[in-house]
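Before anything else, here is the set of structures, which you'll find just below.
Heads up, the next two complexes both have subunit A, just with different partners, subunit B and then subunit C.
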Partner chain A sequence: MENFASLLHGFGVALTTYHVALMMIGVLLGILVGVLPGLGAPNGVSLLLPLTFTMDPVAAIILLTSMYWGALFGGSTTSILFNIPGEPSSVATTFDGYPMARQGHATQALTLAFLSAGFGALVGVILITVLSTWVAKFALRFSSPEYFAVYFLAFASFIGLGAASSFKTIVSMGLGFAFAAVGMDTVSGGLRLTYGFNELLSGISFLIAVIGLFGIGELMLTMEEGLRFNGISARVKVSDVLKTIKTLPRYWVTLLRSSAIGCWMGITPGGPTAASFMSYGLAKRLSRRKDNFGLGEPEGVVAPETADHAAGSSAILPMLALGVPGSATAAVMMGGLMIWGLNPGPMLFIERPDFVWGLIASMYLGNIVAVLMVLATIPLFASILRIPFAIIGPVIVVVCFIGAYTVAGRPFDLWLALAFGVVGYLFKKLDYPIAPLVLAMVLGDKAEDAFRQSMIMSRGSLSIFWSNGLVTTLMIIGLVLALGPVLTTAFGRLIRPKASSAVA
Partner chain B sequence: MISRYTAEIGTATLTAGLGLTAVVGALEFGIGWGDAGPEPGAFPFYIGLLVVAASMGTLIQVTLGRYGLQSIFLHREEAKRVASFFVPMLAFVVLARLLGLYVATALYLTFVMSVQGKYRLVTSIASGIAAAVIFYFVLEVAFQVPLLKGPLEAALGLY
Partner chain C sequence: MLKKTSWLVATAVAISFGGIAQADWKPTKPVEFVVTSSPGGGTDNFARMVQSIIAKHKLMEQSVVVTNKGGGSGAEGFIYTKVAAGDSHKLTFGTNNAYLLPYVAKLAYKPDELTPVAAMALDEFLLWVKADAPYQDAKSYIEAVKAKPDTFKMGGSQSKDTDQTLTSLIQDATGAKFIYVPFQGGGAAGVQLAGGHIDSNTNNPNENAGQWKAGAIKPLCVFSPTRLQEGPKVTATMGWSDIPTCKEAGVPVDQFQMPRTVWLPGGVSPETVAFYADVLKKVSETPEWKEYIERTSQTNRFLAGEELKSFIASDDSKNRKVFEQEGWVVR
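Now for the complex of A and B:
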């Protein structure tokens, strides 16, 4: 009940005209960013972040999180109307959303998507409300070795749970850590890895990496595929919306199951993309109308959307309570928190309760605002995609580079963003995961500090990571996850040597 | 045309190179035990080694499975499209360094719209300039974020 009182206080913080106006602006910008190819949630938040440096942290985080909600909704819209996922996490929505729209059920598909997404997000926020204080209190017992173990666990789960090759995940993650190490060493205060370049003295900003990898890289990929929009025009009729709302309770099993999957994948760094695919797959397997999936089955829209948004919102929980973000966008926001001078983690709940609870309350409001606004403005945003790409494309490029410049006002960052763009293009084409790189760049210094402090505590002995029950448990789970792919392959070979050799 | 195999090998070699760069760079700062615990180079050193090792892993995996990777990574047609997007973007960055972001924006938009979008030159120029002016007002006036400027802004006294 203590949380409930704090939440009410949070509503007091969040419910001002200024903040609600920011939510609306954030949601609109988010939908825009989600609809446009090449600009996604992580990238949009990165572009907006430098403009919030002078704002009050509460107002700034409300703007950024609202943009996140908007981007998630925008991504689903293009999936349904254009068969083009605006976000990687809404790829699964295209499977049934686009067929539905083509059969003339665009309004129904959109309404179902938005409402189930709103439902998923609310479940995620409720989870945060209930669990955050508890997790934060638990995390207060953490000292450096435990923190290092948590970071280790987070990165191990990328290796174990990710769909990509483990080697590629490790490369991506390792490069992130290496980029984070460039510039000032936070422990000794000395400079390192600058290779004599003055431009590298202040390090490589993770924001530049996100803008390049997600923005420019994604655009290059879009260009390569040759852009064709086969849009379906949608006019959202109020009567159709109401009719669809009435059908929503029919999907309660899917809604609950997908929310659970989403929350789990959001808290662990599986992320929204994995959550939506997993949820779609399960819904298909468990549904009575299996054969209809892929041909315009409403449940095939509900399942990925619910999980996507549940994961998106619950990814904020580990970021706030532990300082370990659950998705790439959460990682960017956490980087923002650190830039505003806040220290994500359990102490934030003690030092800045107004910030934490204001944020959590704004997540309730922001999602409601987002559902309403997205229903009201969709025809407008869908028409943006009818503008020829010869205009939209270069404008997005310019926005990305301007965003890169505003991060620190350094001309060198323009080159960096371009280089990251090329890397992002290569990585995406070759199935290297990008989220681990971003997470490693944001967490790099913290993970290194935790490791070095642990080493100082133990005078250089690694046994400190097995020194008590808590840290041992975390490390063992981490090791099992990290070695998971190796273990399953080895085990599989033992059981079915012939089958695996045939595949290889 | 580039095969997937070549692209995989190239990228893995690149990442191995980056890892090696981190390793070499870290050696300069000490990778052992100093007065204040591990020396600054230790963490990047081992991370670099990890990247090199994992890149080697990819290389081995790719070499073993090379027959499955003969698919085409980039068609000629696709390569053309990527290049037609990338080259103007590269020019934009070069121009931005020389002339500032606003002038580069106007030139870049004008070029892409007229040459690739086949718009009339007047329309393209007008759109390019309009976009630059809008960016100026949103960033410099509304958010008070200064952008990179060049000789034109200096001549106009816009600082």
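Now for the complex of A and C:
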């Protein structure tokens, strides 16, 4: 109950005209950087950081977090409209969001994405408000074996999802692991797979890969198919936004499940990317309309968006309470905290309650402001699809390459993006799934580090993954998810040897 | 008031130095600060602190742009600096990794291809254990480790980097044997200690201060020849200056510190080096800098010119000895 009193006090701090104006500016800037692939939230926040040096910490963090929310929303916009995820965590949104847009349902897809994202974020913030003390303690129980178990869980929930053959899935995942391994290795301190290229020292940026695989690869396909988007005929009506809002309660099961997954992954911290993939995977498995996933199923937009934002906002908690950033953007903000003279860590809640609760209150307000503002931009964004491809196509190419350059300001990345574009095109032509590659690339090196750290700790014994209740539970859930499809098929064959095809 | 006085002092220093550095080189376009860590890291905070002080006190006419090139433990930034030979508008921020990285990884730059400008602070290392661990001092902890070799876990940031070097020095000096577990950064190593997943770490004050204050962990000794600067109490009973030096505490590793360094590319004029050294000197005299040093419990020490060169030479040879002995040196 004490927390609620603090929160009310926080609202008092956050609810001034100045702060609300900052929120709106932040959200707008955020949408802008989010829409440009490659620029993204971490870059946007670090560009804005110097401006905040002279502001007071509360105003500064409100500006930066609002920008973060805006960027998250902007990232979903491009995922849906152009199949180019602005943020790693919005990759899963492309799976069904883009097909929806191609079928002329861009407005519905955007509205659902923004609303479910807002819902997820609010659940995340409520969790922070209610459970901050408990959550901070719980997060301390996680060490390398538990991290590995969480990543394993994310991979497991994604296994057996695609329509592609398992051989192709494994090839794609293997390539993802290889790309993730490039660069300096934390555990051995050595360089891997750099082949003497200085540009590869820092590894292959995930954003470059995504811009190429999705953005440029997709454009090549579109060109081949006749230089036009299928969404052109779509009419953009404001009333569609309202109609879609009414359908949202239909997805309450997905919303709640995805929020739970998101919060869990935000705190543990598997991060928003793992959360959105896992949530999408589970939604597909548990849905009655399984077969429609990947072809433009609204639930396939709701699930990853909710989890992504629930994880994004609950990940702020470990940052404040433990001083460990849950994402790249959080790391930049943490740097900001230090410069403003605050030390993130367990004592921040006690020493600077006005700051912490002002921030938490601004997360409520900032998200509401952001949802309202992005909803207002839907007609604008959706009508972009009505521009003839001959005009918008080249613009997207330019935006993709600008984005690829902004990631680190290196010309080398432009070639890399182009190479990934060709890979993306070939993958689609040969019917190889891209998603496993992306998942492996994002989580591969983290999972590897966690596994090797565990092995160092246990001196090579795998029993460390069964050494306590927490890690055992995680591993068992992971194994059940991984082997589930295989087992059901096997059982089905045992029971009804002749009618194996009937088994779902 | 305080600010105004120090500003006056800074101006006075500028005028008196002005005569010497009057060969007068000045940046003619925005200066790029190359940070050899990712955003949020210790080096990033260091560079952005300098940036904010320069902006606040208008110590340079040209503006400053910060770029993070932290790939390969910072090698990305140093290679970028090497390639920019002759460019007087790139200032690179790092630690002793500038001259130590090329020993442990095959990299496309040599330390002598960079021009040292200044070292602005020394970051300290301490030996930390969990608050409820049964060891009252460093000696009893080391004795416990010696009694059961290869069972105690020492966490640290990265591999073949400062934390592992220090761990190796402790092992040599005492005969204890740890299992070293490399994490992504000092922050993670701090949380792992607070959660009891490792037995100790050698984090910098800044990385563990929060957890210490919260009563989750405690420091046993500091690897510095003298005790840390007096300051406000961190816990109810202890402040930084109450922590014994490791030598006092019976762990014979007297000194292990990490300089925060600033570099220019090779082939720049001595006037350029003098200009930046002068600006950084002024930065180190502002109250904001003092506040940063105190908040992060580093040791304030400004080194430039010959002093800096001899410091680098001795730090380099000390570390190289460990690297050679551990077999980390490549080629």
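Operating definition for what follows: the second predicted complex is superposed on the first by the 271 of 504 C-alpha atoms of A that agree within 3 Å, B and C clash if a C-alpha of one lies under 4 Å from a C-alpha of the other, contacts with A are read in each partner's own complex, and residues count from 1 in each chain.
In this section, contacts are C-beta pairs under 8 Å (C-beta built on N, C-alpha and C of every residue); 3 or more make two chains touch, one makes a residue touch a chain.
Keep in mind that this is a model prediction, so the values were computed, not measured.
By the document's definition of touching, both partners, subunit B and subunit C, reach A:Ile456.
When both complexes are overlaid on chain A, the residue A:Ser188 reaches subunit B and subunit C alike. In the superposed model, A:Val324 makes contact with subunit C only, not with subunit B.
With both structures placed on the common chain, the touch criterion links A:Gly226 to subunit B but leaves subunit C unconnected. Once chain A of one complex is fitted onto chain A of the other, the partner contacts of A:Val471 are absent, as it touches neither subunit B nor subunit C.
Applying the stated contact rule after C-alpha superposition, one finds that A:Ala60 touches neither subunit B nor subunit C.
Of the two partner chains placed by superposition, A:Ile211 touches none, neither subunit B nor subunit C.
In the superposition on chain A, contact is made by A:Ser46 with subunit C only, not with subunit B.
Contacts of A:Ile339 after superposition: subunit C is touched, whereas subunit B is not reached. Put simply, subunit A uses residues 50, 54, 185, 187-188, 190, 409, 453, 456 to touch subunit B in one complex and subunit C in the other. Across the complex, subunit B is touched by residues 50-51, 54, 165-168, 170-171, 174-175, 177-178, 181, 185, 187-188, 190, 192-193, 195, 216, 219-220, 223-226, 388, 390-391, 393-395, 397-398, 401-402, 405-406, 409, 411, 414-415, 418, 425-427, 429-430, 432, 448, 451-453, 455-456, 460, 504 of subunit A. Partner subunit C is touched in their complex by these residues of subunit A: 42, 46, 49-50, 53-54, 139-144, 183-191, 196, 198, 201-203, 322-325, 328, 331-335, 338-339, 341, 343-348, 408-409, 449, 453, 456-457, 459. Residues of subunit B touching subunit A in their complex: 4, 7-8, 11-12, 14-15, 18-19, 21-22, 25-26, 28-29, 33, 36-38, 40-44, 47-48, 50-51, 54-55, 57-58, 61, 64-65, 73-74, 77-78, 81-82, 84-86, 88-90, 92-93, 96-97, 101, 105, 108-109, 112-113, 116-119, 127, 131, 135, 139, 143-148. Against subunit A, in their complex, subunit C makes its touches with residues 38-41, 44-45, 48-49, 51-52, 55-56, 66-73, 75-76, 79, 104-108, 150, 153, 158-161, 179-184, 187-188, 190-192, 194-195, 197-198, 206, 209-211, 213-214, 216, 291, 295, 328.
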